[in-house]
Amino acid sequence: MVSVPPLARPERAEFYRRLDREHLTPLWEALGKLVPREPTSPCVPALWRYATLRPALLEAGRLITAEEAERRVLVLENPGLRGASSITHTLYAGLQLIMPGEIAPSHRHTQSALRFVVEGTGAYTAVDGERTTMHPGDFIVTPSWTFHDHGNPSEEPVVWLDGLDIPTVAFFDAGFAERFGDASQPVTKSEGESLARYGANLLPLEYAPPSRTTPLLAYPYRRAREALERLRHSAPLDPCHGVKMQYVNPATGGYPMPTIGAFIQLLPSGFRGKGHRSTDGTVYSVVEGSGRTRVGDRCLEWTQKAVFVVAAWRRAEHEADEDAVLFSFSDRPAQKALGLWREEVEA
Amino acid sequence: MVSVPPLARPERAEFYRRLDREHLTPLWEALGKLVPREPTSPCVPALWRYATLRPALLEAGRLITAEEAERRVLVLENPGLRGASSITHTLYAGLQLIMPGEIAPSHRHTQSALRFVVEGTGAYTAVDGERTTMHPGDFIVTPSWTFHDHGNPSEEPVVWLDGLDIPTVAFFDAGFAERFGDASQPVTKSEGESLARYGANLLPLEYAPPSRTTPLLAYPYRRAREALERLRHSAPLDPCHGVKMQYVNPATGGYPMPTIGAFIQLLPSGFRGKGHRSTDGTVYSVVEGSGRTRVGDRCLEWTQKAVFVVAAWRRAEHEADEDAVLFSFSDRPAQKALGLWREEVEA
Amino acid sequence: MVSVPPLARPERAEFYRRLDREHLTPLWEALGKLVPREPTSPCVPALWRYATLRPALLEAGRLITAEEAERRVLVLENPGLRGASSITHTLYAGLQLIMPGEIAPSHRHTQSALRFVVEGTGAYTAVDGERTTMHPGDFIVTPSWTFHDHGNPSEEPVVWLDGLDIPTVAFFDAGFAERFGDASQPVTKSEGESLARYGANLLPLEYAPPSRTTPLLAYPYRRAREALERLRHSAPLDPCHGVKMQYVNPATGGYPMPTIGAFIQLLPSGFRGKGHRSTDGTVYSVVEGSGRTRVGDRCLEWTQKAVFVVAAWRRAEHEADEDAVLFSFSDRPAQKALGLWREEVEA
Amino acid sequence: MVSVPPLARPERAEFYRRLDREHLTPLWEALGKLVPREPTSPCVPALWRYATLRPALLEAGRLITAEEAERRVLVLENPGLRGASSITHTLYAGLQLIMPGEIAPSHRHTQSALRFVVEGTGAYTAVDGERTTMHPGDFIVTPSWTFHDHGNPSEEPVVWLDGLDIPTVAFFDAGFAERFGDASQPVTKSEGESLARYGANLLPLEYAPPSRTTPLLAYPYRRAREALERLRHSAPLDPCHGVKMQYVNPATGGYPMPTIGAFIQLLPSGFRGKGHRSTDGTVYSVVEGSGRTRVGDRCLEWTQKAVFVVAAWRRAEHEADEDAVLFSFSDRPAQKALGLWREEVEA
């Protein structure tokens, strides 16, 4: 920002008014804001307790049907970005409820989506003719521009966390969407087929990935949890992250979606993590256990099924009071693809 | 959007108020806006004539020094995005003036930048200890996080178009910046060294690119113009784009920067291009000739040195009244890296 | 080949003799052989019955200890390449026996190796401090330049098929080898650790593959067999290959080694495959079932545990008399990396 | 190799005879040779003086026509590999002569080829409808499976060095070839078109490389020489290699062919290079100057237009008595793709 000698002020003001009419602005009045020394995200850390979320969801379940809503979701809005339907600058998160007997009708969109199951068993997500039954902790992907629908043939309400790149796609002016027509797409495959085809450390002969999105419809919690359990005993813990793994597109070794990375980590009881920060604001869902995450001067106390967000470039420290498992997602793949990602870890 | 039976309205409104206090919002009230059928960019097509820009720049030259301003730039703001210092949703453009004897002091930032020389010869851009003398039509890259400064030891004002990914870096909360200290970085290389080292279809033995940004400091206009001239005679013209080439990172064959692609095209006199649209809003600088670009129901009449922008997913048609050369840039590499880019070309 | 007029013959012969003394030869006398119209591999199809192999191995077990032999292996030599210790032009295969209580001492070499377990349970292969217990059908990788040793603490003889790129490494003059010193490397990891770390569709946070070789020590048969069983019911069979999958490096989606690809396929009872040929000569190990493979005018009748080889660019047809599972390996990754691989499939 | 107690010898010999009949051999008798401690290439260093080569070529020019020979080439055979038409284990080199008025008829083959012009100006190589006029020092590529022919409309004999991957393609059993029919392919492009299209640090809009081979038909010596000259003054010399650059595929930043890398280096007058060795045996053509290369205990004294070969993993030192330029090629891209390449440089 420039300090202007008093006499020049009126002349500049008049100049700026003329510039304005030509859709021009003087960079020197905005440079510091446009090119800051450090990230200055408007996002803030925040936490939503499941004790709050669940009754609100069930009330929504009374007020609107899944079909009427197309998707019955409560959007978790970052308190620093109200009105934007964003939980971080680039990502959207919501909690979706599907009641017994309901269907969330089939549509597709450019936006990539993940579903992380929070409560209930027996609903399904259908993609490309295959249905996967949802269990708590399952991580499910509905890739960009694939038709997908959800249904709940079970007896209990099922709730999951939706994570989408809606703000990113909007920012790039690249969003398209359409409805399938029928509420449900036809089922043409047996359950577990994509896991057998792509998830067994095998791929079909001469398989050429049609996109950078994972061909795996679902990553069952059972398998991820088993890996975490084995690894907690076999290697030193990461001082910041405990045992932290990233979900992988088995056809590339990369992230499951080009815009969203997903992670799962185990913090053993008593874990006191070191501080770290990175430019990717991160959304967490608590699968097991309880503890807290200190973010800057905030302390987010979490218990099972809570959702919380660590804003970009804020120093965070995790602590677990009992064995805890955290699922998380962020825009890390996008930041890396654009050469933007940075992290800092305490010595 | 959901049509709500009258009786439910007050109940919902009250529910929404309670949600709001918990930083929650109902997706079903916003779904259509968040997940649109087609891109609905707030950006609009626009054109800036050089007859307007040049006097404004020279006036800025009187009102503020290069050193005081750090960069003396008039930002070209998209009329649909006033206040955002953006020319498209994701990119920034400005016209920078450097007067004889001035220096724009050395700094570095996460933001990647291109410079496309519009008027004047003899200023320089310095990166990594090498200075490149600027000539009209030269395309110059100052990579993310490299110190760079500009100076004008010549006798004439020099003007160039700046293209940066400022909005993108802000959106991803990943911006860092710092000053070098001295106004100019020390010169440690002879001019033309990077062109000899990386631009002659050779690379140093066992060269491993340290990033995805081009190691070429400058792409001289002379060479690009020569290629266009030869190719106009040797192959059928593209029905939309005439002879259109993309600038290349010689170490990867990819775009010159991970966030910004740059292009140069020749439209022969009398060219009437077919309609096309793509999701990357594109900024054009007119190097030679005159003509017009129809964008939706707008007609942008351009002459030499004008700058214009075609907003995302708007149908555009180029016409040339005389041989014309257009430089352009967009966020195409970012959109492709994120799996978002689409185009549509008329049959 | 050139037809030479009779009078020129002596003159040419004399010229050729002079050339020869200068280490020169006339291309025109050899062009047809050097640059053939189609591949003319010296390799031929061949089959080794386990009824022959097993007694020979056990006899070797009496005549030489594992430690004395370093590796007690009977090399399967292609009848068209006797003396070269090659089963195809580029690959080596042998059957290795390890008797109860024996150790095959630790060494490492540039050559990449796979082990496919044929008979017996309870021997182990150790790599990077981890031991994997061998079961019939397991596919195990000992990467280039990693120390590895084998041991058999069980009560039964254990036999596996070794597949190595020995001829390839020799051809490229790039072979290095050394002994570990001690017979066994220290065990520093628990069994199954690499499978948990790399094989669960997860990778360690920020994992960067140190090479193109799979980080998975073993691909258990149980998991591969399960996938084949599921897929046989869920998609049309490949007309040549039945249900055929390739083993994958989970960190890249590519082949498990840069020089050797590995495959597993199920041919349902009664399967009559169409003819196909490819430039990668392929070695098969019969895991389950019986049938035959017609290769050119040969018919290779196979039963469980047999090994056979289909030479490059020979038309092959598989037939199964009962449900059959075939493991196979070839140099396909190398041929693809070098731009050489071709295949032809019957319409 | 195993030391066998005397009593066991006859029994083993008899066992080996039985094995032999089954196409089996005992690994333990061959292990040391198959898996050596260090590369033991049969290739040896060698040099061919142009004073020897030129008269032999002209004599060949009298004894056989280009059309009769299809290619009138004297193959440079490594003295350690006589009969194999190989200059290294994996590569072929020959000197080709084309007399005024002659045509070397159009054909194509899987084998990739480079041409490095040694003497004469005015012959051409045609690929994909474009002819490039040959000048001394030009590096020309005829990619795998593209029709190519050569002609000499000039008044002087023209000689070039051919470098092909013939042994590699034979080793992988992947060679195909066919004739075009007519002697010359039709000319459909103007000279210099591929250089304008791919060699100006630009690529056609949305260019997708159809293979890993360079789209550049020719790399003119003028441009490479100019780059070397500039770089000799602007950076410290490599202690082993002087100023050494690699030719690049501008569409990928990689080597010009997947099987052959090509290099050009300047050794300033008086240069005394340090020792180095690598697993890729390398063929050199002396473009300018004179000096020597010590390889193991051999000393190869070279002058202009000589060809010499440094065998794999032999320590080499270059010395220049006057400014010298060396072109070279090797199988480095193949070795890297297969994870096999190693080098060692003296401290």
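Letters A, B, C and D name the chains as they come in the text, with residue numbers starting at 1 for each one.
Throughout what follows, a contact is a pair of C-beta atoms (placed from the backbone, for glycine too) under 8 Å apart; a residue touches a chain by one contact, two chains touch by 3 or more.
Small disclaimer: the values here were computed from a predicted structure and weren't measured.
> If every step must land on a chain the current one touches, say how few steps get you from chain A to chain C.
Steps on the shortest route: 1.
> Please give the intersection of the contact partners of chain A with those of chain B.
Neighbours common to chain A and chain B are absent.
> Rounded to the nearest whole Å, what is the centre-to-centre distance of chain A and chain D, using the mean of the C-alpha atoms as each centre?
Inter-chain centre distance comes to 52 Å.
> Between chain C and chain D, what is the separation of their C-alpha centroids in Å?
Centres of chain C and chain D (C-alpha means) sit 30 Å apart.
> Rounded to the nearest whole Å, what is the centre-to-centre distance of chain B and chain D, using the mean of the C-alpha atoms as each centre?
Spacing between the chain centres: roughly 43 Å.
> By the document's touch rule, what are all the touching chain pairs in this structure?
Listed in label order, the chain pairs in contact are A-B, A-C, B-D, C-D.
> Which part of chain A faces chain C closely enough to touch in the complex?
These residues of chain A touch chain C: 189-190, 192-193, 196-197, 199-207, 209, 216, 219, 223-224, 226-227, 230-231, 233-235, 238, 241, 244-253, 263-265.
> Mind listing the chain C positions that touch chain D in their complex?
2, 8, 11-12, 15, 18-19, 22-28, 30-31, 34-41, 43, 46, 48, 52-53, 56, 59-60, 63-64, 68-79, 82, 85, 88-90, 92, 94, 109-112, 144, 166, 168-178, 211-213, 257-259, 279, 281, 311-313, 331, 334-335, 337-342
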